[in-house]
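Common to both upcoming complexes is chain A, partnered first by chain B, then by chain C.
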Partner chain A sequence: MTMTYEGVNRQAVAELVDILGPERVVVTPQGRLIRAMVPAPFPFHRWADEAPELAVLPETTEEVVAIVKLANRLRIPIVPRAGATGLNDGAKPNRGGIVVDTKRMNKVLEVDTTDWTVTIQPSINMLKLNEYLAPHGVWYPDDPASYPVSIVSGRIGTGGWSLLGSRYGHVRDNVISMEVVLPTGDLLEVGQGGGRKIRHSSTGYRLKDLFLGHQGTLGIATQATLELYPRPEAEFPAFFGYESFEAGYRAMQPFCRSNLATLAGVILFDERKVQYLRRDDEAYIPEPESLQSIVAVAAYGSEGEVAAARDRLMRIGAETGGRYLGEELSELDWASRHDRYATPLHGRSRDRAVHMSWHCEDAAITYSQLPFVKRRWHEIADRYIAEHEVFDNWGMFFYTNNAYKGWGDFLVEIDIGIWEQRLDEASWRAWTDMKREITQASLDAGGSISACHGATREGEVELVPAELGGQFDLMLKLKRMLDPNNIMNPGKYLLDRAYEDGGG
Partner chain B sequence: MPDEDYGEPRGTAPPAPPADERDLPPGVVDNNGHYEVDPALMSVYPQFATDFEVDRIVTGRLEYLYWVQRHFADRVLPPHPEGPGS
Partner chain C sequence: MTRIPDVEGSDLVPRDPDVLSIGDRAAAEAATRKLAEGYEDRAWGCMSSRHKFCREPCPVYQVTRNEQHTSYGFHATVAAMSQGLVDLEDAYEQYAYCTQCGACELRCPNTLFTGDFYRNRTQLVQLVKAVRAAGVEAGIERASWKRWNDDTVAFRNELQGDPAQVAGWADDLDLPRGGETILFCDCMAAYRQTKVPRAVSLLLREAGVEVGLMNDQWCCGGPALEMGYTDIFEQFARHNLEDWRQAGAKRVVTLDPHDYIAFVEDYPRLFGDYGIEVLHITDLLAELIEQGKLRLERPIPVSVTYHDPCRLNKRRGIWESPRKLLRAIPGLEFRDVDHVTQWSMCSGAGGGLPVALPEVAEKVARNRLDLARPVGADVLASACVWAEDHLERVAAADGAMPVVDITVLAAMSAGLLEAEPWLAEVARNREAAQSTAGALGASRGEEERQ
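Moving on to the complex of A and B:
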C-alpha cells in the first residue's frame, strides 16, 4: 500500500477557519515559508519545495483534536511545530500539508508546591517558565544550548539532552506525564502508570518514552506535567587548561567519577575547538599556545554541597595537571553556554569571514571510543573542507551524557561552519555525504547517531535502521498502528516504509 | 495552492511587490526572497565599530552573562573558600 495525500483544498480551509477563526489560519507566502525553516543547514535553493500549504495556530487541546481529526479524515499531512530551534528536521514538512504551530499553547496551568510539579501547556519557553516558577523557590532544570529560545513541547518531540543532565537528568527524566493528541485525533494521557504526578510505576508498559523523541510522528503534546527541583543556592563553574587533547581526555575520568552529586556536567574541548575560539573577535581565550585542550565542569545545589564540590573539583584539576583558567573566564564562559546558537557570529573561519550558519553532529559515544571518533570525524571533515570552501572545521566538544551521573557515554559534537547562503546542489550533496560518513563512524564505534537532536536528516536517517536493527521494525509497526493514514509528519525517520507492501 | 481557494489573505498587509522591483538598502541581499546581510560584508576584518558601539556591546554582553548566572542560581562560588564574596 502506498499512501496518497490530498492537498489543502477549499473545504479544508473552510473547516479550519470554523475551528480557529480566520486570524489563526496562516496562508500568506511569508507565513508559510518561515515555517519551513529550521536552524540546521538549510538548502535555500529548495526552499519553496519545503513549505507547508498553510499553518494553523491552535490555543487549546480541543482545537488540536479538531485539526488532527480533520487532517486524518481528509488525508492531509500534518506537521507539529514548536520553537523550531532544533538541529534536525522534525518541525518542517516533507510532504506539504498543514503545519500546526503550537507556540500559542504556552500557559502555565498549575504549580503544585505540595507534590512539586508544574502542569503546562507545553509550548512555553523554559526560560519564561523558570521566571514564572522563581517566586515559588523551584525550577525546571532542562538546560539545552537553545534554552533562551526553545520550548518544552519541542524538547518533548526531540527527547532532548540537557547541559545539566548529570545533575538533573534530561527531558525524558523530567517530563512526568503528558496529554497527547494521537494521529487519529484521539486523546491519550500517558505517564508513569496512571497518575499524572506519579514518578515511577511498575504497572503496565513504559509507554511515556514512546512519546518523547518521536519528532512529531506519533502525536502532538497538548499538556505536560513536569518535575520541579529546589532552586540552586549556588553554582560553581571551573575551566581547566591542558597542554594536549590526550591530557584533557585523561583528566575527564577523575572529574566524571568524582562521586559528587552536585556535578551537573563535564565538557572537554579539543585542540581544534581551542584554535577556533582563538579566532573569536572577542578574544575568547587569551591563553598561551601551549593550551590545547580545556575541561569545563559545573556544580549546582545547596551552598554547603557546592562548596565541598568546589574544593574537590579544584583538587582534581590540580592533580590532573590542569591549569585553572581564572574566575572571570570560568564564570562568564560557563554563563555563555547558550551562545551555541550564536556560534557563527562569534568565531571567524580560515579566511576570517563570519559564517552565518553552522551545524553540529551530536552522537552518543562511550568514553573508550572518544579518541577514535575524534580522529575519524576530523579526517572526514577536513577531506570535504579541502574541496568545498563553504565548509569549515570549528572543532569538537565532548559532554557528559549519562543522566544523574558523569561517567559512561558522552555527547560528541563536531561543529562545521557553513556558508549557508552559498550552498548549492553540489555543496548540499557534499554536506549530506560528509554527514553520512560521520554517522557511519559513530556506528563503527558502537555509538548512537544522535544524543540530542534526533536523526531524521538526509545523510543520517539512512543509517537509522542499521543502528536500531529490530527496534526499527518495531517502530514501523507502532507507527502504522497509531497513524493508520500516515498523516502525522510523513516522510520522517523512513517511517513511510510502514505503509509499503509488506511493511509494518 | 491556487489563490482562488482562499480569496484575499487575512489580516496581513497587501502583497509585496516582487523583490526585483524593490530598492534594497546597502548591505542587504535578496536570497531567494529572504533578505539577508550581504555575505561580502562578513569577510571584512576587522569590522569597524565606534567606541560607543564597542562599549554598548561589551556592557550588554556582561549584563547578559551576569543575568544568566542569577537566573540559574542565587550565587556563584569563587574558586577558593577565602575568595571575595565567600
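Moving on to the complex of A and C:
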C-alpha cells in the first residue's frame, strides 16, 4: 500500500473558511512561505517548493478536531506548527498541505495553587506563562535556549530539553497530562493514569511519552496540565576558566557529582567555542589567551541551600584548577544564556564577516566518549569547511543531560554557521553529507543522534533505524495504527515506510 | 522566479478591501526590485537568526498571534521578494500590521549583543516605512490611509480642525508668536486633548520659560511618513522648518512623542543638521523641577502607574524624566512598571494602525489596559496625547481606569489647573472600597467572635 495525497482544493478551502472564518485561513504567499521553515538549516534556493498550500490558525480544540477530520477525510497532509523555533524540522511541511499553526491557543485555563498544577491551552510561551504565574509564587521551569519565544506545545512535540533540567527535570517530567487530537480527529486524554493531575501511577502502559517528542506525527496537543514549582529564592551561576579543554573536561565530573540537589546544570565550552566568542569586542576579550575552556555551573533553590551550594561549587572550581571568572561575567553571561551564543553576525566565510545561521547539531553521549566525539566532529566539520565557503565552525558545548542529576550522558552540541543566502544544491548536499558523518560518529560512540531537538532531518533521519533497531519497527506499527491515512506530518522520521507493502 | 502560485480556492479568502492597487505592474516590479536591493542584506541578517525573540514583545503579534505580523515575518517577505516569490501588493497589505513601536529592534539578538559592533542593528521601523512608501509610489495604497492623508493635506492637521484655529486652545493664554523657544503643539493636542498644551504652557510660564507659538503650525508630517506618504511629509517638514526659522527659533519643545521623533529622526534625514535644538517636554519639566524653578506643592492623592510611550522609551531612551516628574508630585503614589518590561507594551495608537486596522489597534489598547489593572493604580498616566486619546476611548468603553497626561497632573499639583473630575471619582471609589473592606472586616470579626 502506498499513500497518495490530494492537494488542497476548493472544497477544502471552503470548509476551512466555514470552520474558522476567512481571517484565520492564510493563503497569501508570504503567509505560506514563512511557514515553510524553522530555524533548522533550510534550502532557500528552493523555498517555493517547500511551502505549504495554506495555513490555518485555530483557537479551540473543537476547531482543531474539525480541521483534522477534514484533512483525514480529504487525504490532505497536515502539519502541526507551534512556536516554530526548533532546530529540528518537525514544524515544516515535507508534502505541502495544511499547516495548523496553533499560536492562538494560548489561554491559561486554570492555576491550581492547592495541587500545584497549571492547565493551559499549550501554545503559550514559557516566559509569558511565568509572568502569569508570578503573583502566585510558582513557576514552570522549562528553560531551553529559546525560552523567551518557544511555546509549550512545540516543546511537547519535540520532547524538549531544559538548561535547568538537572534540578527541575525536562519537558517529559513536567507535562503531567495532555489532551491530544489524534490524526483521525479523535480526542485522547493521556497522562500518567488517573485524573489529569496525577503524576505517578502504575495502571496500564506509560503512553504519555508517546506524545512527547513525536515531531507532529501522532497528534496535536490542545490542552496540557503542567507541573509547578516554588519560585527559586536564589540562583548562583559561576563560570570557571581552564587552560585546556582536557582540564575543563576533567573538572566537569566533580561538579556533576557534587551531591548538590540544587545543581541545575553544568556546561563545558571547548576551545573552539571560546575562540568563536572572541570574534567581537564584548565576549571574553578581557580573559587571557591561556583561557581555552570554560565550565559554567548554576544552582537554584532556597537561599540556605544555594548558599551552601555556592561554597561547595567554588571549592570544586579551585580544586580542579579553575579560575573563577568573577561575579559580573558569571551573572551576566548566565542571564543572557538564551540570546548570547547564536548571533549570525559572527559568521566568517574564510576571513570575511557574513550573515550566517546558527545550526546546532546535538547528540546524547556518555561522559567517557565526549573526547572522541569532540575530536571526530571537529575533524568532520573542518574538512567540509575547507571545501565549502558557506560553512563555519562555531565550537562545541557539553551540557548535563539528565533529569534531577548531573551525571550519566551529556548533551553534546557542535555549532555550525551556514551562509544560507549562498546555498545551492551542491552545498546543500555537502551540508547533509556533513550532518550524516556527524550523526554516524555519535552512533559509533554508542550515543543517540539527538538529545534535545529530534532527528527528522535529511542527513540524520536515514540513521534513525540503525539507532533504534526493533523500536523503529514498533514506531512504524504505532504510526499506521494511529494515523491510518498518513496525513499527520507525512514524510517525517521515515514513517512513510509504515504504509509501503510489507511495512508496519 | 515568479510569484508563488495561489492555491486553488484562495479566492474564497478575500483580500483586505482597504488595499487599492491602481498603479501599473511595471511600476510595482521596479519598486519591488528597488526595495529588495536596498533591504535584502538586512533581511538576511534577520533570516539568518530566525530565532524570533522579537515575537512575544510585539504588540500586534500579541493580538493576532500570526507569524507574518512580526519583524522576522516582515524580513522574510523581503527575502522572498528578492527571489521574486512575493509581490509588492502582498507585502504592502502585510506591512500595515505594525505600530512602529520599535520593541522588536530592541529585543533582536543582532541588536542586543553585536549589532553596533558590526554596524548591523535591526531597523524594522525604517523597513516598514520603506515598504509602505514603495507601495504608494507604485500606486498601491490603503483607502483609509489615503483618505487620512488627503484630509491632513486639506486641513494641514490630522484632526480635520479649522486651520485658522490651530492655536485656538491658547486664545486666553496670551502666548506670543515666535521667539527663541517654540512650543510645537501637535494636531491631537491642538484640537482634542487641549488641556495638555494648556497645562504645558502654564507650567512653562510658572517656571519662567518663555515660549512662543508658531506663526502657522502644520502637522509635523511624521505620521504621513509612517504611512508611506513621503511627499506629504516633506511638504509639511519644509513648511514647519521655514516657520521656525522665520520665528528666530533656537529651540523647539514638543509635547507629543510622535512630533519629537519626527523632528529628531525624520527631519535630519531630510535637512541634515538643521540647527534647532529639539527638546521633549518631560525632559524640560524634570530639569526645571530639579533646578527649583518649578514647584509641585499641591498633593494629588492618587495611585498612578505610567505608560511609557514607545517613541520615547523604546525608540529614544527617554524614560527617566517622566518618572522624575511623577515622583515629584506630593501625595501621589507612583506604582512603576519597569521601562524594560514595557518594551512589550504599546497603546496601539501609532504607525497608522488605528486608521487601517482599528479593531487590531483597539485590542492592543485593551491588552495595555489589562496589564495596568493588576498594578493596583487608580490612574494610568502617560506622556503621549495620541496614546492617551486612544486608550481613553477604549477605557471608557470598558469602564477601565482614567487615562491622563502627566503634564496635567503636574499642572494640578502646581496649582495651575483645577482638579479634574476623575480625581473626585477616584476618591469616591477609594472611600467606597475602604468602607466595604471595613464592613467586611467587621462582619468577619463578628463571625470569629461567634
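Definition applied: the second predicted complex is superposed on the first by the 488 of 504 C-alpha atoms of A that agree within 3 Å, B and C clash if a C-alpha of one lies under 4 Å from a C-alpha of the other, contacts with A are read in each partner's own complex, and residues count from 1 in each chain.
The criterion applied here is as follows: contacts are C-beta pairs under 8 Å (C-beta built on N, C-alpha and C of every residue); 3 or more make two chains touch, one makes a residue touch a chain.
Keep in mind that what you see is a predicted model, and the values were worked out from it rather than measured.
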{"item": "Superposition on chain A - do chain B and chain C clash or fit", "value": "clash"}
{"item": "Touching partner for A:Pro144 - first (chain B), second (chain C), both, neither", "value": "neither"}
{"item": "Which superposed partner A:Ala234 touches (first chain B, second chain C, both, neither)", "value": "first"}
{"item": "Contacts of A:Gly83 with chain B and chain C, given as first, second, both or neither", "value": "second"}
{"item": "Which of chain B and chain C A:Tyr324 touches, first, second, both or neither", "value": "first"}
{"item": "Partner chain in contact with A:Leu127 - chain B first, chain C second, else both or neither", "value": "both"}
{"item": "Partner chain(s) touched by A:Val8 [first = chain B, second = chain C, both, neither]", "value": "both"}
{"item": "Which of chain B and chain C A:Lys103 touches, first, second, both or neither", "value": "second"}
{"item": "First (chain B), second (chain C), both or neither touched by A:Gly454", "value": "neither"}
{"item": "Chain B versus chain C as contact partner of A:Asp311, first or second or both or neither", "value": "first"}
{"item": "Single chain C stretch clashing with chain B - from 61-69, 79-87, 97-105 or 277-285", "value": "79-87"}
{"item": "Intersection of the chain A residues that touch chain B with those that touch chain C", "value": "7-10, 13, 22, 25, 27-28, 30-31, 33, 44, 47-48, 53-54, 127, 281-282, 336, 338, 353, 355-356, 421"}
{"item": "Complex interface listing, chain A residues touching chain C", "value": "7-14, 17, 22, 25-35, 37-39, 44, 47-48, 51, 53-54, 57, 83-85, 101, 103-104, 106, 123, 125, 127-128, 135, 146, 148-149, 280-282, 336, 338-340, 342-347, 353, 355-358, 420-421"}
{"item": "Residues on chain B engaged by chain A in the complex (per definition of touch)", "value": "1, 5-6, 9-12, 29, 31-34, 36-37, 39, 42-43, 45-47, 61-62, 65-66, 68-69, 71-81, 83"}
{"item": "Footprint of chain B on chain A - complex, ascending", "value": "7-10, 13, 22-23, 25, 27-28, 30-31, 33, 44-45, 47-48, 53-54, 127, 130-131, 143, 231-238, 281-282, 300, 303, 306-307, 310-311, 314, 324, 327, 330-332, 335-336, 338, 348, 351-356, 419, 421-422"}
{"item": "Residue numbers on chain C that touch chain A, as the complex places them", "value": "1, 3-4, 6-10, 12-14, 41, 44-45, 47-53, 55-56, 65-68, 72-73, 76-77, 79-80, 83, 85-87, 90-91, 93-94, 107, 109-110, 112-115, 117-118, 120, 374"}
